[in-house]
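First chain A sits with chain B, and in the next complex the same chain sits with chain C.
Coming up: the complex of A and B.
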């Protein structure tokens, strides 16, 4: 994902802002990292450039 | 009413939400990994063998613009066509699948616009990302998410698109509430989906596979109208597409589903007044 996407993404559970933590970058593209909800603290992974913003109960059903 | 969301499965008559979601994910993950034509057994929202992009309302130019992606356009209409997008629009596609409609939308909104596709199937999002790399679409992003719990901020998009996906949701009113929330005041909803015209036979209604094939979960026009109105949409319009009969007929080997279903364009607007612009 690109960093400017941060403007419009939010926590799927409580709709609060997310904090980005980049682990790996490929030019503008964030390949690996995490998005953490500033309110509930839920951590959403970014894997292979894809932010996994499924609600926690669904991520457990089928991890990306 | 036939269009009550199937939320209870205890009596074994309707798939519950989890079963329905699992069936949908399983099916579309298979479609994403097995390439174009699959699951002729139960029919699908669209297989290349039954409905051409032209039948669904896409122009040749649309197809050429996103060459190589059409194989994963599993829709029942052309929401980008009905949305009349403007340059610079921020667009959200619910259930973006392989990304076909997103790439078309990206062409309309141009470099100043932004298109985000949300899909709950990891394999589909993976395919969409691969397609994004080959189709030169820098302003398209995909993420894993659920359309009932959109990971999208309030009032952040101009247009919400969706192609033959809302029928798959076990909680459609929640999908429309979420779409309303993320739209800016004055923002538009433009959906192609199948709607019920008559009560489905029980075996189709109660079967998770039928739900996943865009049949068992379809709602009637009056039910959808009240869901949209309850969510806050105005200028709600649901127009059946008579031409869809030809491809819907092919969805099921055993019976003619066009007796029960029709593809429709579903539109609504979030009122511009009452909220600061």
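Coming up: the complex of A and C.
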């Protein structure tokens, strides 16, 4: 995930801004980290470079 | 309510569907139909474009002929893995996992919001359409390709049991309820089934 996406994404539930916490970077790609809603506190993972912005009730199952 | 209008089932279904999806899909959603749908849009190379339910990337591929970057969202990684094979994971497509009915984007973000072959799996299509409208800027366009309600009764029963199909009247109702005021429909398809798909293009006003 590129950092400039922070300008367009938001919490899928309440549409408030997200706060980025980077755990691993590969050049300009954020590979691992979290996105935390500044309003409701929900934490969305960045998994292998892909932000998982599914609402929590859809974030289910272990990867197959 | 069809069985796929349950999200857990939909995910399981997609997991298995993704292996054959592009082959199956090519029978009803062809490159020619994609070209016709793209022709309804005014696209500039630097437009910010969203593909909701990008799946294996068939619609995304067409959009990339017209714009530099596409933002692709899908709930299923299994489907998106096929798209990553085509476009790379961090190339011209920005990928997200997300829900069509609760989009993780700010208001008025996109010039164009596109969704092909996805609405039939949304439990609440009006909510999804309203989200497409919300994230598209005034003056932008929303385009949705879905399955037209079949005219043959045996197919109607199948359609009712499996997923959402809709005709022009139903599309009118859904788009109006989602807050759109200016839109039109095109039914199209391959020669052997010329009205299998219904494409709606809406102008976002206000």
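Just so it is clear, the second predicted complex is superposed on the first by the 60 of 64 C-alpha atoms of A that agree within 3 Å, B and C clash if a C-alpha of one lies under 4 Å from a C-alpha of the other, contacts with A are read in each partner's own complex, and residues count from 1 in each chain.
The criterion applied here is as follows: a contact is a pair of C-beta atoms (placed from the backbone, for glycine too) under 8 Å apart; a residue touches a chain by one contact, two chains touch by 3 or more.
Just so it is clear, the structure is predicted and the values come from calculations on it, not from any experiment.
Novice: Kindly classify A:43 by the partners it touches after superposition: chain B alone (first), chain C alone (second), both, or neither?
Specialist: It touches nothing on chain B or chain C.
Novice: Name the contact category of A:54: first (chain B only), second (chain C only), both, or neither.
Specialist: A:54 contacts both chain B and chain C.
Novice: Touch test for A:22: chain B only (first), chain C only (second), both, or neither?
Specialist: A:22 sits against neither chain B nor chain C.
Novice: Once chain A of both complexes is superposed, is A:11 in touch with chain B (first), chain C (second), both, or neither?
Specialist: Both: A:11 reaches chain B and chain C.
Novice: With both complexes overlaid on chain A, does A:2 touch chain B (first), chain C (second), both or neither?
Specialist: both
Novice: Find the residues of chain A that appear in the contact set with chain B and again in the contact set with chain C.
Specialist: The overlap between the chain B and chain C interfaces on chain A comprises residues 1-2, 5, 8-13, 15, 44, 48-55, 58, 61, 63-64.
Novice: For chain A, which residues count as touching chain C in their complex?
Specialist: Touching chain C from chain A are residues 1-2, 5, 8-13, 15, 29, 44, 48-55, 58, 60-61, 63-64.
Novice: Can you list the residues on chain B that touch chain A in the complex?
Specialist: So the residues of chain B in touch with chain A come to 21-22, 25, 90, 114, 116, 118, 120, 122, 125-126, 129, 141-146, 149-154, 156-157, 181.
Novice: Mind listing the chain A positions that touch chain B in their complex?
Specialist: 1-2, 5, 7-13, 15, 17, 44, 48-55, 58, 61-64
Novice: Taking the touch rule as given, give the residues of chain C at its contact with chain A in the complex, in rising order.
Specialist: For this pair, the touching residues of chain C are 7-8, 11, 15, 48, 71, 75, 77-78, 80, 89-90, 94-99, 102-107, 109.
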